[in-house]
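Down below is the structure, laid out as structure tokens.
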Amino acid sequence: MFKKNFRHDNLAAYAMLTPILLGSTIFIIVPFAYAIYISFYEWGFYQAPVFVGFKNFYVNLTDELFTKAIWTGLKFTLYVLPTQLVLGFLFANLVKGLKGKFASFVKAAIYIPTVIGLILAGVIFLFIYDYLGGLANYVVGWFGLEPIAWLAEVRTALPAITVPAIWTGFGITTLIMLAGLLDISESYYEAAEIEGAGTFGKMRHITLPLMRNIILFLLVTGFTAQISQFELPWVITNGGPVNETATPNFYILQHFLNDVLIGRSIAAALMFFVVLGAISLVIFKVLNSEKAVDG
Amino acid sequence: MQAKWGKSKSWTVLLSVLIILALVVSACGGSNNKGSSSSPSASASSSSPSSSPSASGEPEPSASESSAPAEKVTIEFWQRSFEETTNKWFKKYVDEFNKSQDQIQIKYTLVPGEAWDQKMKASQAAGKAPEVYTMNYGGIANAAKLGQILPLNDLMDPVKFDDIYDNVKEFITAGGKYYAYPKLVEPSAVLYYRKDLFQAAGLDPEKPPTTWAELLEDAKKLTGKGVFGFSTAQVAGDLGWSSWGLQFGTSGHEALTSDWSKADINNDAYKAVFKFYQDAYQSGVMPKQALAPYPDMKPYGEGKVAMQVNGSWAIGQLRNSYKDKLEKTGIAPMPSQSGDPASATATLGGWTLVVDGKAKHPHQAADFISYLLAGDPAIMIDFFKTSGFSKFSARKSVDEAMKSDPDASKDAWRALIAEKIIPNSKAEPIYPWDVSMAVSTGIESAMKGTSVDKAIEKAEKTINDFIANNKLAGTNPKQ
Amino acid sequence: MRKSTWTWSRIFTTILSLVVTGITIFPLVWMGLAGFKSQEEVLAAPLKFFPTVWHFENYTSILHDPLFQKAMGTTFLGAITFMILSVAVNAAAAYAFSRLEFSFKKFWWVYVMTTYFIPGFAITITSFVVVSKLGMLDKLAVLILPGVASAYSMFFIRQFYLNIPLALEEAALIDGANRFQIFTRIFLPMSLPPFVIIGIGAYLGYWNAFVWPVMTMTNENWFQIGQYIFNFRSGRVAEMHLLMASSFLAALPTVILFLIFQKYIVANLKMSGLK
């Protein structure tokens, strides 16, 4: 059937793809190619750029802070992503059982942190972690403990900034999970119940397999979103203490802002792109290996 | 099935497309760059700024040169957003300037600090930078070296530069020419202390500490009952610049040798600086987590610390937001290791206006700077007044005129800072920020428990690696 | 017996939902209250939840500021346009990639998906050079067009399309419908759930943008709300009370829209079940 319509498809397909291809090319691919070009140069804008070969890449690679930033990004993602997915999945199951106006209210309310955006979330959490006046140490005080230097201790700083990340992404994760859950026909569950499956069994044998596409989507997008994080370290910790919360994009941003010549920060961004692409590719491959995604 | 990732063929094709695109863009980019740097210079003269006095380059309406006003020139002016009072001052005098004559129209844009670098760098890359903009002292030498800003010697009356204090003149000079006109200077470190708490702790409120040892001793006595004795920068980003003064004052040199060939920190003086911060933090007289960023006077204003080191700008914040603390506040130079009053403990930061390297109307742009920063002292006095005398003049004539100003002359804090701190303060270093960060990261790690020797060694290695990888040796633009 | 466990679980569910909702709603409430405080009190420690003096003038001064009204208006206009365009463009592409066979399909798929991984910083400056060469600076188009093509949105919608059974369109094809008709008549009506989520995401992305508008818009008349808000965060001491008040006001329409949309989403989520 598809074969017969092949020629028709070409016309239709290219008509439907033209906008996205034009947009991607003009506003992403061309600037990207231009950026690749610049990454081989040292450029101060007002004099002709000086070709420096792979120097910009070399400088980043030999900077231990760059490799540390990649690890920090991975650690951060590892804290945030699973927590967010599990919490979102559990809460989506919970919300699914709610009825009426209350359900609508809950669904709207959990989205509020996402509405507010990461920068403001960062500002709010900066106050929460305030050493003397913050909510976090206020709670710590209930237990008669000394205030904790959340953002100044090497041990606590990175976990501390994962909280706003989980919190801002929680609403959208839950809603997408919920959309997936509601898509699953009740008849599957009824059939499973007749066969005597429990709550856990139903989740494992029906819900999770049928949610594969959605979980794959959330994994990939969540991974890129979290490892690209820079707003929270920028607003809350400024990468400290002792570079403990400097994520890859924070590192790039710092060099972008402080370097006199452009080139190095762009080279760093390109290398980060390669790392990011490679890891995402692995996630895709692993998840796709069992069964093709497309139906 | 149809759309799987990792099909190596697609990747190869895509890669080649990207490479081809990069080459194409590079061809365009190269020629564009040439184009954009040559076309404005044709009309404006980045090479010879003085060639045509009415440099607008636009054909004069031949009718009558004297009576009819020449075509109005519009100059883009970007101001980085500062305190509300400063922003208002800029806006006010831009309007005044626009009203005062009919040759030049200033188009004023206020740019939020968070977006300044992105906006500026992008416009420079696209050849669309404003003709006049704000720049801090630390940026001048590098910008001059890269041709991003024009020398002002031929654009402004030389008398205007004679008016500037000698040490500030040095800040704006590169290769023997003046590249900026200074607006103000502000020392980065002043000690603010609570006289009432000094008294309560049995200390003499008229005798602030002058050495680090005294400082830490007093701080210990002042700590307790929800008050910390001392507060200064404690995270790398803040320490990076706020510790420059102590670094220089203690060692007599910067963190790099003057030819930028290697780190110069593995010595007793630098170790002493590291040790000072380590002692202050670990003795418990400072909060374990910064209560606010270094430039924010909030912890002191809210009564949570008895002594806080901050820049002179904090006076403005105290006067505007924490009036109840004004009476009880004493100020003094930040103590030094030895107690020698001539030893530097602060750097002088501050802001200037510059003319863009590709400015189409450099003369008109400079005329605006002459009016605003180098003209009538009353304009600058208005600025210093509205900022609560928390900033200081770079011009002798302005200080002279301020002597007859009743508010300014009776301001004791202003006098103390102007007489005891500014003359001993040092220029900000101009080496890459990475170097300062390596030092301050070392200081922070020493505060958090690394031994001073180890922290110094690590910082030294980081700096030397940075120098080697970036071929930094011999690139000091001031040399 | 069965009835009582149901009740217990229901109570538990309700309480848990309330707690979670409380946590998620906290910042909005906090922001709203902080907007009533004086500048010093916002940052004051120890923690104070309610303002000691209610400064209503913080809100009224912002609401009466013509720049604020203008910024809200243009940002809303831009966000809606952006939302519609990005849904339309990416849905069309998602359909093509999920259902059509055409030449160089794999190549274009990789081509589009690659854009998803390109970090924003890498292309901030070069994108600016491109839009400035295209003469787009200081026009609303510069805020809208560059973000429309989005691999993320396309991929998201495609994941939904892959779940739609082939049988539906095969029948239509036999009836002689062409691909556009199938897209507009069969796929679009079923697409509301992904459209709502992608649409809201696009809307918010536009609404919360800050750096790009600051870079590309110098004309005060076209200021976006993010630019307006962050003008309160200038230099060393931020005007936190006004920052919070304006952020609250800026978030409010979105939250209200979301509350209204909520019913719609729930209704349409069920429709997409394809029972």
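Going by the order they are written in, the chains are A, B and C; count residues from 1 in each one.
Going forward, contacts are C-beta pairs under 8 Å (C-beta built on N, C-alpha and C of every residue); 3 or more make two chains touch, one makes a residue touch a chain.
Just so we're on the same page, UniProt names per chain: A = Sugar ABC transporter permease; B = Sugar ABC transporter substrate-binding protein; C = Carbohydrate ABC transporter permease.
In this text the structure is predicted, and so the values were computed from the model without any measurement.
Seen from the Cα centre of subunit C, the chain whose own Cα centre is farthest off is B.
Between B-C and A-B, more C-beta contact pairs are found at A-B.
The distance from the centre of subunit A to the centre of subunit C, with each centre set as the mean of the Cα atoms, comes to 15 Å.
We define each chain's centre as the mean of its Cα atoms; on that basis subunit A and subunit B are separated by 35 Å. Within subunit C, residues 43-45, 98, 101, 105, 111, 114, 124-126, 129, 210 each touch two or more of the remaining chains. In subunit A, the positions touching at least two other chains are 29-30, 32, 34, 38, 130, 132, 256, 262, 293-294. Of all residues in subunit B, those that touch two or more other chains are 2-3, 5, 118, 121, 125, 291, 304. On subunit C, the positions that touch subunit B within their shared complex are 39-40, 43-45, 97-98, 101, 105-107, 109-111, 113-114, 124-126, 128-129, 132-133, 137, 210-211, 214-215, 218, 227, 230-231, 233-237, 239. The residues of subunit C lying in touch with subunit A in their complex are 10, 13-14, 16-17, 20-21, 23-25, 27-28, 30-31, 43-47, 88-90, 92-93, 95-96, 98, 100-103, 105, 108, 111-112, 114-127, 129-131, 134, 145-149, 151-152, 154-156, 159, 162-166, 170, 173, 178-180, 183, 193, 197, 201, 204, 208, 210, 243, 247, 251, 254-255, 258-259, 262-263, 265-266, 269-270, 272-275. Of all residues in subunit B, only 1-6, 18, 21-26, 29-30, 33-34, 37, 117-118, 121, 124-125, 142, 146-148, 234-237, 287-291, 304, 357-358, 432-434, 441, 444-445, 448, 462, 465-466, 469-470 touch subunit A in the complex they form. If you check the complex, the residues on subunit A that touch subunit C are 1-3, 5-6, 8-10, 12-17, 19-24, 26-32, 34-35, 38, 91, 94-95, 97-98, 102-117, 119-121, 123-124, 127, 130, 132-135, 138, 167, 170-172, 175-176, 178-179, 182-185, 213-214, 216-217, 220-221, 224, 228, 249, 252-253, 256, 262, 265-266, 269-270, 272-273, 276-277, 280, 293-295. Across the complex, subunit C is touched by residues 2-3, 5, 7, 9-11, 13-14, 17, 81-84, 86-87, 109-115, 118-119, 121-123, 125-126, 128, 291-292, 295-296, 298, 301-302, 304, 313, 317, 321-322 of subunit B.
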